[in-house]
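We call the chains A, B and C, going by the order they appear; numbering starts again at 1 in every chain.
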Amino acid sequence: MALQQRTGELVIGTRGRGLVDITRPLREWLAEQGISTGLLTIWCQHTSASLIVQENASPEVRTDLETFLARLVPDGGRERYRHHEEGEDDMPAHIRAVLTSVQLSIPVLDGSLALGTWQAVYLYEHRLRAHRRRLLLHLLGDG
Amino acid sequence: MALQQRTGELVIGTRGRGLVDITRPLREWLAEQGISTGLLTIWCQHTSASLIVQENASPEVRTDLETFLARLVPDGGRERYRHHEEGEDDMPAHIRAVLTSVQLSIPVLDGSLALGTWQAVYLYEHRLRAHRRRLLLHLLGDG
Amino acid sequence: MALQQRTGELVIGTRGRGLVDITRPLREWLAEQGISTGLLTIWCQHTSASLIVQENASPEVRTDLETFLARLVPDGGRERYRHHEEGEDDMPAHIRAVLTSVQLSIPVLDGSLALGTWQAVYLYEHRLRAHRRRLLLHLLGDG
């Protein structure tokens, strides 16, 4: 069959700094597209939130990851960052986004995201306060 | 319309360590391809330069990011790195490239890169001296 | 010619923590697909192994990279990580995977991976013990 493409978007409400599992909304969007084999690209349109893939089993993994990043990229004001006017968590959020990623491209097999057994896709909110984050979706595949 | 692909390259002259905004040359190349909806992949063919997405508003964000990386991955010679013959900035440049990324795939909507309001695409030169860096472009989309 | 897609997988045996050069098996798989121009996406189905692009010339680069990551993300038990039941190297492996990447999309030109002169693609095993790691491959291109 001929290759086709679809585009869409997900708007995700975050509750402040931390991980939001977006695997299910991604799977739901994908299920509506009628694509069996293909490639799904997710693009996070922000510079203080990002995308990661991590274990979906133990919540402690997410806690430890957050603890690690909070130590590696400490929040701080003028004494630490030139760019501090938007809050002590703003510049660290930009750095965290650079150290992770704003894009993922995931193969689609048998109409489903080809994640490993323990993999989940997370939106990582790096700001302390809740935000609405927009993710663009691009799907290529057989129609 | 049938899907098509285009390939191209950008050669970017850097001025030594720091960020070069490549959003405009990417947009210009894209505008010549006649693709309305699709996916643009950028591949940096180097191991001491990389690609990031970051805020395009405040130059201080770029300064703080560079300060962070310079502390996280210090330049150094034999006392710090086994691989030191190519300069005290060479091994750190390799590590910085690993911590960021050499590839980005950005959705194209309405003939334009679907970046967020504050997003810009940067080539990050990690070596101290100026270099010419080659970026390969792959575009998939409707023609 | 019309665009086509192919999918496949590579199963890579690792010898414990460190880098496995997968450039050659990728090239061999690609050579069997009959695609001249396109885009190859590699997806690592794990949360404690990842993909990087790095210099293929000096083994010391890989040693220095490993030394850097081992210091940045120290192994440790209960005193350091809440998630420690699966071994002192498990949580660090998750963090290392987040700081690198589980996905790469590489342009294909003239039937070959369009890597730079010094670039090689590596699977990074972050656990101390040997594992079998599964990589999914998605290839788009002209047939």
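Here is the rule we use: contacts are C-beta pairs under 8 Å (C-beta built on N, C-alpha and C of every residue); 3 or more make two chains touch, one makes a residue touch a chain.
Heads up on the chains, UniProt names are A, B, C = Secondary thiamine-phosphate synthase enzyme YjbQ.
Since this is a predicted model, take the numbers as computed values, not measurements.
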(message) Can you report the angle of the rotation that maps chain B onto chain C, using C-alpha atoms only, to the nearest 5 degrees?
(response) 120
(message) Given that chain A and chain C are copies and touch, would you call their interface same or different according to whether over half of its residue numbers are shared?
(response) different
(message) With centres defined as the mean C-alpha position, give me the chain A-chain C separation in Å.
(response) 20
(request) Find every residue in chain C that makes contact with two or more other chains and list them. (result) 2-3, 72, 99, 101, 105, 140
(message) Could you list, by residue number, the parts of chain A that touch chain B in their complex?
(response) 2-5, 7, 41, 43-47, 72-73, 81-83, 91, 94-95, 97-99, 101-103, 105, 134, 136-138, 140
(request) Note which residues of chain C are touching chain B in the complex, please. (result) 2-3, 37-39, 52-55, 58, 60-61, 63-65, 68, 72, 99-101, 104-107, 109, 114-119, 140-142
